[in-house]
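In what comes next, chain A is part of two complexes: it sits with chain B in the first one and with chain C in the second one.
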Partner chain A sequence: MFVYVVRRILATIPVMAVVALFVFSLLYIAPGDPAAVIAGDQATPEDVEKIRRSLGLDRPFVIRFGEWVWQIARFDLGTSIFTGLPVTQLIAQRLEPTLSLMVVTLIIAVSIAVPLGVLAAWKAGTIIDRTIMGFAVFGFSVPVFVVGYILAYVFALELDWLPVQGYTPISRGFWPWLENLILPSIALGMVYIALIARITRATMMEVLQQDYIRTARAKGLSQRTVLFLHALKNAAVPVITVIGIGVALLIGGAVVTESVFAIPGLGRLTVDAILRRDYPVIQGLVLLFSFIYVLVNLAVDLVYTLVDPRIRY
Partner chain B sequence: MDRRTFIKAGAGAGLVAGTAGLAAPALSQGAAAKTLRFVPQANLANFDPIWGTQYVVRNAAALVWDTLYGVDETLTPQRQMVESEEVSSDGLTWTFKLRSGLKFHDGTPVLAKDCVASLIRWSARDPMGLMIKALQKELVAVDDRTFKWVLSAPYPKMLLALAKNNAPCSFIMPERIARTDPFQQITEYIGSGPMRFVRGDWVPGARAVFEKFADYVPRSEKASWLAGGKRMLVDRIEWVIMPDPATASAALQNGEVDWWENPIADLVPVLRRNRNIRVDIGDPLGNIGAFRLNHLHPPFNDVRARRAILAALDQEEFMRAIVGSDDSLWKPLPGFFTPGTPLYTEEGGDILKGPRNIELAKRLLAESGYKGEPVTMVVAQDQPVTKAQGDVAHQLLKRIGMNVDFVATDWGTTGQRRALKTPPAQGGWNIFFSWHAGADCTNPAGYTAIRANGDRAWFGWPDIPEVERQVTAWFDAKNLDEEKAAIRALNKAAVENVVFVPPGFFLTYTAWRSNVTGITKGPLPFFWDVAKA
Partner chain C sequence: MTVQSPTTVPADEAPKRVGLWRLVRRYPTIAIGSTILVSIILVAIFAPFLGTVDPTAISTRMRTREPSAQFWFGTDMLGRDIYSRVLYGARVSLVVGFSVAILASVIGLTIGLIAGFIRKADAIIMRVMDGIMSIPSILLAIALMALTRGSVGNVILAITIAEIPRVSRLVRGVVLSLREQPYVDAAVAAGTSTPVIIVKHILPNTLAPIIVQATYICAAAMITEAILSFIGAGTPPIIPSWGNIMAEGRALWQVKFYIVLFPALFLSVTVLAVNLLGDGLRDALDPRLAKTI
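After this line comes the complex of A and B, so read on.
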């Protein structure tokens, strides 16, 4: 197992190298000019050109790429063109809000979606099943920002139960941290709940047709034991796969959710960096997201061994 | 007490023993009242007001750095850090003496050598500074509180240059910081203004924090824009960056922020219905739209094609697209200078008045030799003002028979593309849109868009000697009457030759909670004299 994990981590290096080359090339050919944004709207073309030179943006692709790769090899993601701050510092400032949002969303989504999926499979064809699946279609169809605005209007503006926006670090208390995350996590989790609920229902329905389930029922086991101990455990592998794949959805959704709820996370940093063409920040973030995605896939592979003893690496 | 606080208080009372470790650090009511939470117009992504000249940087910098002079609400330069000045009878030597007791935020005194270094850096970037630099023979510190600027020719607008509010302002920094190359970003944010920048709390894109500088010595006069006594009535100002207007609106209604600099017109009716919120015009000097033409390439290298657009242009259509149905937010603008300011004129602007003449536009276009070639119009979609102007202009140009190649893009790409002088078919452009703060358009000093000095002009590169002659005449003017005469002639030449197309003048709102007092109208948010109950 240890050798497998090490091998998988080492395998991320060529993946990251390809991502790095791809991202750098894409940004190089993409239109836009950070120097023009820095100089401001009233700046003359000469000023813009001087700023471009001072930032080294007039140098050839090969030199800029070589310098960047050399920096990364030394675990240095460079310096933001705009803020003058190290990219690692900017990412570190934004990591906690985004991780918090993703973790709370995952917890909310899984704890709602899996029971809903199991219930729908158990009551397949009934009004309960159709209601749950209707909710799933709604979750898929309504954009994150619409759900976000509705939640903010009802629970923050009208009822005044929760704040509209912002983020409080967990170091300043558990409840202040959580109250800022409840609405964004529900908004972000809607599509995720829909996805997991549907896949749980489908796999559970397949498993519930198996002979061993009929045997378990014939033995007189309770419905709860049959569903959650025998059926769900055997339906877990596809569900875990979807949860893992869904992390990419969460990263994408975080961009919108963080804007709607003014959470200072990596999603907003990404949007700001793209709009301003802050190349070092964009490159650093894409590398980070790629790395997270690779790690999540590794974690999913390892979790398989916990739920299915037949899987060994 | 709001409902959420009440619920929390109730829950806290019940759970006080068990959850003491989970409680949030509470701000006392007094501390909360001393913290002003402000939503600025944009993200404070960098904090060097000379290197980056965005308005949001200038606005934050005005808290942290002081200036030698500042304009008041009549646009008149007033002494700020300076105690007195003396100009020689030939107008060539300016001697400035600093007020005593001025200190930087690191505790060191403000000295004449700091001013000299700061002015050297500023004059390398600012249009007026560059003019002074071209005349400069010597800029030296005479003693700790006195410095001297010796010129080769008189520069009557010296005090305006040092006082003006358009970016870059001549902010004074410690010498060691001011020695930074003007095209490189500074790394220390030490000023001598009324608030100090809390660098440790700065999260670009999310938050910027300023704390009251205890050693600041305000002038004795009443504050007026950038002039007078800048007395801080709050201890801490938190800038909360909110990219989404709906979120900012909800946060203001919920009392999570105290002041929103520029609410969009669509949300103003909602804010007005809330009895805890006040809404008013933020900046009486407003903004002037800019429909910018490329003078280097056909069809707009021919003045008749440019005039065709003026003949057909309906400013009301443009302004309604920007501000909606609120008539108090816009004015027609048959010229280029800010309405309501001393130099405002409509001289030569008749072509922009009265019924629109599509037939005349078509005739002028035909006379210019235009035969339906594609006209590349670059429209930034991520800026509501440029998008609205682009959409209306597209219809207008089609109406007069132009073949428009509508390039929908973002502001970052527009910024790059508009700098290209190549023909439109080779990546260049014919038209782009922008807007200018009215404060920058009160005179030619900081109004780069009105300049028509060819290659050195703003994007579009108009080359109109008569406009430049009148700009020079304004700089040389000895009194207001001479200035007005120059501006009248300038406006006439600029309209006749169409330096750019002015789609109109528009205003924006600002909104704040009713427990906040002291907010004044002006070209930037002034925080002095603002209190929070």
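After this line comes the complex of A and C, so read on.
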């Protein structure tokens, strides 16, 4: 068990190395010469060359990559070209809205998708099942910004139930914070709900055919106990795995959702950085998001080996 | 998804006639999906003949007109006809969707075959693929687009790179399981060369899952293109694409919702059609796969 945990943690190192290499190459091959930018318009080629040497930009790729990794290890992501601020500071300022959005989405999505998937599996083949699965195909197909605009139009503009756009920090109260996150979370969670519901249904269908489920029913246990206590527990591993994998969808979707709902988070920072070609910021964000994604999936793997006694290493 | 329901299983007492209706009855999702998709393709091809005007023609006097008999879908901030822009925009989405699906499948298939057959290459290739896959695909496409000028070709390239690992993983998995099959062992024992084994015994078996995967990639690519264009990192604004039209309507969406609505509807319906087709093909081509997802 311990060996497995160590091995699983070590396995993330090559993955992160590939990500780091990719992200570094991004800046390396990015158009525009940082030395020329710093030197300004009136610099002679000799000046630019001098600055390049003083910045160490003339050294080989491998050495610069090594230095860059060391820099990252000390939580230094460089300086934004556009604002002149450290990238870590920019990220820290924008972290709360994005984390809030993701956590609320995760909670809403899981609490809607899992019961839907269980229901679909229980009523497999009926009109209920087909309606839920039809809804899932729909959820896969309608892009997040389309759902976002339609929700905002109906529930914020027409019905005036919820705020149209913006973000309120949680320090100003729980409800004002949540109120602003409900619509974006549903929009962002749509694909996620579809994905989890499908997997839950598929695994539940398999579990429900097993003997111990028949035994549980024969004992006269209520349908709800059988479904949620006996069956769902054993269907948990694939479902949790997909919840982890689906975090990539949340990250990608957050970029768009924040644009639609004017949420000043990391997604907006990404969009602004792209439009301004602020490569250090783009680099930092890609690195951060990938790191989060790898960590989430590591956590998922470790959690279910701890939770599920059938998995032994 | 519908395959498990008893009602979709065709009645065997029906005459064994391979008619169109029978296919439609048996695989309704394929029928619906391909009908919608073919319609959209026809609309894209024949856009100039469907009552459209020049989609880039600016008319300052006709700005932000509501949908009417003259402007079916209204006009945008520059007075351009949204109906024409949406119809022409179908071209971008379809070209991107199909190109990415084909490119990612072919390249992914090649990489997957190499990884599945050459043990030494496998470890390295799969670590690289894992690395690429751990960057959320939209973010990867965004980062790649930041390096290049916005053009349809670059959009296709960026999304393709993000989608390749999924195909190569799938193919590698199929190859690894097939290599253990007795008939492959028999072929090896009979002295069949590796290329022949790949072409004759492995490739045909990877085809079905790849076709299914390709339709899903096509759908995902269409959404990614729209997202890239929507945030201003995709198709250049001069070319009408659904994402671009929505990006232009973004500032006005609270007062002029129709600018965002029409491209959004077309995008959603097209992606839905491709996904339905994919689900149908999955059920039709690979019943085992249908059970797992």
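Please note the rule applied: the second predicted complex is superposed on the first by the 247 of 313 C-alpha atoms of A that agree within 3 Å, B and C clash if a C-alpha of one lies under 4 Å from a C-alpha of the other, contacts with A are read in each partner's own complex, and residues count from 1 in each chain.
The rule is simple: a contact is a pair of C-beta atoms (placed from the backbone, for glycine too) under 8 Å apart; a residue touches a chain by one contact, two chains touch by 3 or more.
Remember, predicted model here, so these are calculated numbers, not experimental data.
Trainee: Now for A:9: first (chain B), second (chain C), both, or neither, which partner does it touch?
Mentor: A:9: touches no partner chain.
Trainee: Quick one: is A:141 in contact with chain B, with chain C, with both, or with neither? Answer first, second, both or neither.
Mentor: Only chain C is touched by A:141; chain B is not.
Trainee: Just chain B (first), just chain C (second), both, or neither: which does A:294 touch?
Mentor: second
Trainee: Mind working out whether A:154 is in touch with chain B, chain C, both or neither, as first, second, both or neither?
Mentor: Once the two structures are laid over each other on A, A:154 reaches no partner at all.
Trainee: Regarding the shared-chain residue A:164, is it in contact with chain B (first), chain C (second), both, or neither?
Mentor: Both: A:164 reaches chain B and chain C.
Trainee: After the superposition on A, what does A:229 contact: first (chain B), second (chain C), both or neither?
Mentor: A:229 contacts neither chain B nor chain C.
Trainee: After the superposition on A, what does A:18 contact: first (chain B), second (chain C), both or neither?
Mentor: second
Trainee: Quick one: classify A:306 as touching chain B (first), chain C (second), both or neither.
Mentor: neither
Trainee: Touching A:42, do we find chain B (first), chain C (second), both, or neither?
Mentor: The answer is first: A:42 touches chain B but not chain C.
Trainee: Using the superposition described at the top, list the residues of chain A that contact chain B and also contact chain C.
Mentor: 31, 149, 152-153, 157, 164, 259-260, 271, 275, 277
Trainee: Looking at the complex, which residues from chain B come into contact with chain A?
Mentor: 2-4, 7-8, 19, 22-25, 43, 45-46, 48, 51-55, 125, 127, 166-167, 181, 183-185, 187, 203-207, 240-244, 246-248, 250-251, 253-254, 256, 382, 409-413, 415-419, 434, 436, 440, 446, 448-449, 456, 458-459
Trainee: For chain A, which residues are in contact with chain B within the complex?
Mentor: It comes out as residues 31-34, 36-51, 53-54, 80, 82-85, 90, 93-94, 149, 152-153, 156-157, 159-166, 168, 172-176, 259-262, 264, 268-269, 271-272, 275-277.
Trainee: Considering the complex alone, what residue numbers of chain A touch chain C?
Mentor: 14-19, 21-23, 26, 29-31, 124-126, 129-130, 133, 136-138, 140-146, 149-150, 152-153, 157, 164, 198-199, 202, 205, 248-249, 251-253, 255-256, 259-260, 270-271, 273-275, 277, 279, 282, 285-286, 289-290, 293-294, 297
Trainee: What part of chain C is in contact with chain A in the complex they form?
Mentor: Those residues of chain C that touch chain A are 1-2, 4-7, 127-128, 130-132, 134-140, 142-143, 145-147, 219, 223, 226-227, 230-233, 246, 250, 253-254, 257, 260-261, 264-265, 267-268, 271-272, 274-276, 279, 291-293.
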